[in-house]
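Structures for review follow.
Here come two complexes built around subunit A, the first alongside subunit B, the second alongside subunit C.
Up next, the complex of A and B:
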């Protein structure tokens, strides 16, 4: 019998990472559905939990269609999967509400940047999901933007907590797109599955988050080229600690 | 097919657009708001092939916690229709649901319940 499974390690790895990040983001958000600083924030946390888990739920079944997934069926179900393709920052519960906001504003926005680049994907299952994810994530971004401004403008320890939280998520989120020559993202770009290279994705992501941070005086090491419109990190990212397969940072050995 | 469905006034029961099945689905309501799945714009396509009702539908949210309630209700209702021995449901995310998919009746119903539409 001829196998109809898809043999594409790059796409499998990225879908796995998207699913794992969404799944864990949902679980971490869930914790705050009962502990957010206001009733409205708790309701928002619950709603975003539902969205993130929903996104993960529509992504995991795609893994079954790949040869790479069929090689180990236990890795296809989030309940039995022990491969960790989510950011290391998601390994533990958030340290506080500022961590929730940092993950919401940085990581969730980075993942949405990828989905936005996949809205005309040559891989139909990703294309169909991407448009819906982008629609749902608009409210998540609004939530993140609002709370970043609110915490930053509060000043004192509240602002300091936000700055620390953003720092915990900054590098690893920028790394998630991969170095510009990352073979995985490059393969997706070359195959028409996304419409941008890693550096362009990173620039698009920074174009969303930097104006918000700048408005509240939170400057990050990023440059903006007015002529080209491109945004670039001005400090080197910790690629030596970045695992290209799991798309996460490891510990310094 | 039953003969008392509104759509059968304008469509033959054997019409390939399955008017009776669409009408049957008008009796299946969203678990959260008393509005039919059809007026809510969740039903994308309906077909009947060899006794198998094939429903293509979307949801307002990917994480909809009521998904199984909805699909169970669709199955239960369509299996009451003459000629339907099985129901297949495919959930799709394209088209993306927006309030533009509400029917005219659906807009009125939503407003009745105080929901902007």
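Up next, the complex of A and C:
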């Protein structure tokens, strides 16, 4: 019998990472559904939890269609899966509300940047999901922007907590797109599954988050070329610690 | 992990005590309708100091119906004509 399974390790790896990040974001958000600073924020956290888990739930079944997924069926279900393709920063519970906001504003926005680049994907299942995710994530970005401004403008320990939380998520989130010659993202770009290379994705992402941070006086090591409109990190990212398969940072050896 | 964020002085003049900074006080009345032929009617209220967060909260909390329109009115802008 001829196998109809898709043989594409690059797409399988990125879909695995998207699913794991969404799943863990949802679980971490859920913890704050009854611990947010206000009832309104708690309900918003619960709504975002549902969205993230919903996104994960639409992504995991796609893995079954891949030859790479057939090797170990236990890795296709989040209940039995033990592979970790989510950011290392999601390995533990958020340290506080500022961590929730940093993950919401930085990581969730980075994932949305990828989905936005896949809205005309040559891989139809990703294209359909990407459009829905981008639509639903608008509210998440508004929530992140609003709370970043609120915590930053509070000053003192509240602002300091936010700065520390952003620092915990910054490097790994920027790394998630991969170095510009990342063969995985390059393969997706070459196959028409996304419309941008890693550096362009990173630039689009920074174009969203940097104006918000700049407005509240939070500067990141990033440059902006007015002529080309491109945003780039000005400090080197920790690629030596970054795992290209799982798209996450490892410990310093 | 490297701490990359450089923080300038907060735009707000002085640091706000943590509890006050996270406690929102501005009340918004939420109005919505399910059909275009219906008038807007009050469905509740939410508390948020920021208008964009107020929109997020209103959509999150009052999501039980497929509204065709939802608006927010700051409570302090409501003028009482006949007090109860």
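Simple rule for what comes next: the second predicted complex is superposed on the first by the 253 of 253 C-alpha atoms of A that agree within 3 Å, B and C clash if a C-alpha of one lies under 4 Å from a C-alpha of the other, contacts with A are read in each partner's own complex, and residues count from 1 in each chain.
Heads up, the rule we're going with is that contacts are C-beta pairs under 8 Å (C-beta built on N, C-alpha and C of every residue); 3 or more make two chains touch, one makes a residue touch a chain.
Quantities reported herein were computed from a predicted structural model and do not represent experimental measurements.
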First, second, both or neither for A:218, with subunit B first and subunit C second: second
Partner touching more residues of subunit A, whether subunit B or subunit C: C
Contacts of A:232 with subunit B and subunit C, given as first, second, both or neither: neither
Subunit B versus subunit C as contact partner of A:58, first or second or both or neither: first
Which of subunit B and subunit C A:31 touches, first, second, both or neither: neither
Partner chain in contact with A:187 - subunit B first, subunit C second, else both or neither: neither
Set of subunit A residues, in rising order, touched by both subunit B and subunit C: none
Subunit A - residues contacting subunit C, complex: 37-41, 43-44, 46-47, 89, 97, 139, 142-143, 145-147, 149-160, 163-164, 166-168, 170-172, 213, 216-221, 235, 238, 249
Contact set on subunit B toward subunit A in their complex: 61-65, 92-94, 96-98
Subunit A to subunit B touching residues, read off their complex: 26, 49-55, 57-58, 127-129, 131-133, 135-136
Partner subunit A, residues of subunit C touching it in the complex: 1-12, 14-18, 21-24, 46-50, 52-53, 55-57, 59-61, 63
